[in-house]
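Presented sequentially are two complexes of chain A, the first with chain B as partner and the second with chain C.
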Partner chain A sequence: MTRTSAPGVRIDDLTVVYKTPAGELPALGGVSLSLAPGTITGIVGESGSGKSTLALSLLNAVQPPGRISGGTVEIDGLGNVVDLQGEELRRARGRQVGYVFQAAQNSLNPLKTVGKQLLDLGRSHDFDDLPALLKDARALLGRMGLDGGRVLDSYQHELSGGMRQRVGIMFALVLNAHLVVLDEPTTALDMITQASILRIVRDVHHERGLTTLIITHDMGVAAEVTDSLAVMYGGRVVEHGPTTEVLGAPRHPYTQGLIRAIPRLSGDIDEARALPGRPPTLGTIPKQGCVFRERCPIRIAVCDTVDPVPVTRDARTVACHAVGQPATPVTPKEFA
Partner chain B sequence: MRSVVRRLSGHLARGLAMIWVVMTLSFLIIRNIPGDPVRGQYEKLIEQGMSPDAAERSTAALYGFLPKGSLWSQYVDYLNGLIHGNLGQSLSTPGTGVATIIASAAKWTVLPVLGGTLLSFLLGVTLGVYAAIKRSGKLGDALSISGSLLHGVPQYVIALLVVAVFSTLWPILPSGGPVDIMFTPGFNGPYIASLIQHATLPVLTYALASYGGWILAMKSSVATVLGDDFIMAAELRGMSRGILFRYIARNAILPLFTILALSLGMLFGGAIFIESIFNYPGLGLLLVNSIGARDYALMGGTFLVLTVAIVVANIAADLLYAVIDPRVRKGEAA
Partner chain C sequence: MITASGIVKTYKQRGNMLGARAVPALRGVDFAIPRGGAVTFIGESGCGKTTLGRIVAGLETYDAGEIVIDGTPMSSLKPRHREPFFRRIQLIHQDPYSALNPTRTIHQTLAAPLALRAKQTGRDKAWMEQRAAELLALVGIDPGYVLPRYPHQLSGGMRQRVVIARALTVDPEVLVADESVSMIDVSLRLGVLSLLKDLRERLNVSVLFITHDIATARYIGGDGELYVIYRGQVVESGPTESVISGPIHPYTQSLLSAIPVLHGVERPGPERVVPTEALDESHADSGCLFARRCPFATDICTAEPPALVPDGDQAHACHHPRRRSVIPVEAVA
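Right, the complex of A and B next:
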């Protein structure tokens, strides 16, 4: 029942709404996105763009007051996750889809050692051979440069941020899940730990043959590890394509703005230009028309009334009315 | 292991210091209460026409001793006696040691207090979990409201209500006393049945008086833990419901153990009202009676026992916390 190869994922017209005093507001407005088997896909965007909601949808785990109100998430070997519920859904979580939390979050029970929680995980998924599970965990931790035996005997408060994050990755992989979702895996880590975690993610991804989804707001992280990159804004995927192309020649005005906003290590800080305006919140997402138009430098009349449909042209999907016309030139800069 | 020893010895030193302070204060307060039974007896005898010498001898014979010397030397004598485990002689029941009286009263307090508190703890904690999980439903509202109501009513009012309901309106239980005197004491059915009958209302009062606090504390504790990241993490790893429940319960109950240990200590103080209402011969009633009789030694002894109970409960709470919370065990900040 457990797959031994990387599954593909097809998200189609996924809509997630949050119940608020002002009625149900959309956090995801009809997102369509495919993850090719065996690839690392990145999702970038500002806070509140719906990245984490999209990640949670892959496990059908959108937290109340939110709910998936439409669309499908097809995962090879699992079917439409949106239809799963109860025990079936619980078993898919962890076993088929591994989830790695933001490093700053405490994803471990503070009262139990890592090893005991691993045994809880094994029992929850009816593993008969618990010693083998422990052995796998030790091997995985060893692979990530940790002393597996010691870590399994440790409590959360005895581990550093980078160690916790590796333990989190171990938990996501130890049941042999082949689809792994990482939500801001390196946020709150120092640069050196961040680099080593990213290397681990990339190496383990190749060794185990995974399909990986990484949520991040850090363009550097996305550039470093992802094969393809989706840019989200206001609950929509506005651009999606191979990472080098999206970063090297961004087509959507929002992607262009994001890249211009990155400060360089060397050079003038003023070269980095922040996008004017603010990202929309749940309540301020326009009901009709393009969600980005208020901040868009190439806005045209049709943007006010019609939500642009994502158009795919040579491996690149862009949702913008203006992009069909001659694109505004962006100073193409080598992405550092 | 060494840190546990160090921790324990620190606790003991602080506990002893605390006991000494309370003992000194209560010694001073007690000696300054107007009315002195020994002097009263002495003066009564003189009024009856006895010579001062004879009156002094007679009083000394009655009480077994005579308070002599300055306040300071009495204080030194008192502390010296305490160190040797001698709580002194009771004045209101001449010829009986304070320790004996307290020991025989203690059992009437310890068992009902323990029973009542544990009962309300178990009930409150269990219902508190439901109140938290169903907090947006009718059941959760009802549980929370019952908790708030009971939490706001003072113990002695609950005691009176309980007596009114179960002894007057619907007379099924005795309203006072520890046991019916018609039964021979010992391990026999009727005597034990009578003991239990008489203990029911005091235990019920202790339980009702603290139940509200438990349910409210547990509810807020569970609500906090439910919002913790690791609970969602466990859920997304596909942990079974049983394991999730244990994760929530164990983390939520943690802060309540401290309150439990402390409230056990505090309840001995609360026994004063409840034992007076139920005429139950425990430490609380003993304290009230000894104050009425100006029985210094007995007052001092009862204060001492109540103080020691609270200090011991504090130490027990801290050690217990170290056992159940690994973050405290290692001596690190939680």
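Right, the complex of A and C next:
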């Protein structure tokens, strides 16, 4: 097994459109985002924010009626994924980019044991040494606190939700991919199982030297494991920076609103505030101007007409007109 | 006022070659829901909390124990005489996407229970129309927009509000909310929670809140009682704020420790507890049910089941009770 180092990823001006009766609508409107090698990046956003579409773009796996209509996704050692096709693309998936699907619990084949599915995976990637692959899988499952032999002999219905999720992670890692994408890895798991899965994700990430991308709607999940955090809204990355800084001192009004909307265990519970309005869907994303303006407490005139350009200052990228102007500093007080 | 004592429910698993296996869902649960009060049950999936909600709402039978509603024991009544009692307790379903009939408009969905209500109270059709609009306005949605629409035309948050409005058509005294916000977008979740909180205050309805997310329990029922349930048994109970800030049972401590820490805003609690194993229903039933997973278990824990004993304003079932500080602490900037 060759040991490669963690790859970096550079997404540049990526646009993905979905074909609908109302014409082609953008699910991603020119997203630029870099994943530094060896880090865990989190993408948080609500349904319809484009976070899953962005994750699928890393595999060039956006399904029709969607298509990547512009931009590039550069992965170290793989080149621009958007240009890959056919066999090349198939080989990259799984080998270079591991993907743990949303509801991994339900993405296993119910008719085959986990071991049989693993052998299928090995054959489709022309593995000569299948026993070694099984051995790796057993070791990985053992690392995640499961009895590897038993799990490989099991059908999916014989495994609990937390176990299936770990099997999903095993499938993503067993071909020695060093870029791993986890789409909602803990949805539908309860708190204690969630905490143990997150611990595994973090440990395995460090042990194997991965670049990890976690897609989630849960700010807490992102806070727990990620080094860097990108917040998406209406097909755009509205804020990106080191996790503790984004959470501790959010700059974009949406990030601020999201954090305030989390009921917490400490502090005054009545300080939690709902965000007014509701997130846009594909059809209701404004054609021009800022996508967040309808719900924004610090909206200014220019927001109606001009889509704010992401501006990077001190390792933090924010796409907001009101925050972009240093003359009018935004303090959390304005939301009290 | 609803009092439940010693509720036991066992599901029989049928059909495999080894014969029937009994799966205990509830092993004797006591609690009371005062008028206008809030009661929260927390626990992992599979701990019996959904079964409990269904029993309270009259949708499920119980094998032993008693539910007393305003002084009337339910087991003394014939099923059809129980109906008016259980009608006062309405269940708000977990999943707003499957709780509404997709072939009916919201108007039709609300009209059915309202027709029943109109018949009972001798009111006419005009009252029904007015009441439907009133209820939708109460849950914070525009009746003119929603009434003619089908569920698929509404967002998750709106559907959940419609489900709540439907529950309110029969003027219930208790709302049973089973994980009722877990399927809703984060920015809208707090809106639905504050609606439930608001209904408690405005209509004086009690809320039985069933969840695995303790922070939301704190938001809705901060002034009420919290019950921590594990494998069908209450292992700790007490006023919500007391249990959250000073949990005594290691299981409660594990649940609270598992809540993600918002690094940058808060720091992890100093004494976080991590269970030594995952939940396994096949663990022996003798002794403390949590013993196999408990990092503090000793010989007595596997030998003798601990009883629920009072401790200050809380109660716990643990041989080695000790308050631990596990919840995140505000980070000082």
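Keep this in mind: the second predicted complex is superposed on the first by the 313 of 336 C-alpha atoms of A that agree within 3 Å, B and C clash if a C-alpha of one lies under 4 Å from a C-alpha of the other, contacts with A are read in each partner's own complex, and residues count from 1 in each chain.
Rule of thumb we're sticking to: a contact is a pair of C-beta atoms (placed from the backbone, for glycine too) under 8 Å apart; a residue touches a chain by one contact, two chains touch by 3 or more.
Computed from a predicted structure; not experimentally measured.
In the superposed model, A:A92 lies in contact with chain B only, and not with chain C.
In the overlay built on the shared chain, the residue A:R293 is in contact with neither chain B nor chain C. In the superposed pair of complexes, A:H240 makes contact with neither chain B nor chain C.
Of the two partner chains placed around the shared chain by superposition, chain C is the only one that A:R278 touches, whereas chain B remains out of contact. Of the two partner chains placed by the overlay, only chain B lies in contact with A:Q63; chain C stays clear of it. Contacts of A:A223 after superposition on the shared chain: chain C is touched, whereas chain B is not. In the superposition on chain A, A:N109 makes contact with chain B only, while chain C stays out of contact range. Of the two partner chains, neither chain B nor chain C is touched by A:H178.
With both complexes superposed, C is the one of chain B and chain C in contact with more chain A residues.
In the superposition on chain A, A:D120 makes contact with chain B only, while chain C stays out of contact range. Residues 46-47, 145, 160-162, 190-196, 198, 217-221, 223-224, 243-249, 257-259, 261-267, 269, 272-275, 278-279, 281 of chain A are the ones touching chain C in the complex.
Contact residues of chain A toward chain B in the complex are 59, 61, 63, 90-95, 99, 101, 105-113, 117, 120-121, 123-125, 155, 157-158, 168, 171-172.
Touching chain A in their complex are the following residues of chain B: 228-230, 232-240, 243, 247, 250-251, 254, 324-327, 330, 332. The residues of chain C lying in touch with chain A in their complex are 44-45, 155-157, 185-191, 193-194, 212-216, 218-219, 222, 244, 254-266, 274-275, 278-279, 327-331, 333.
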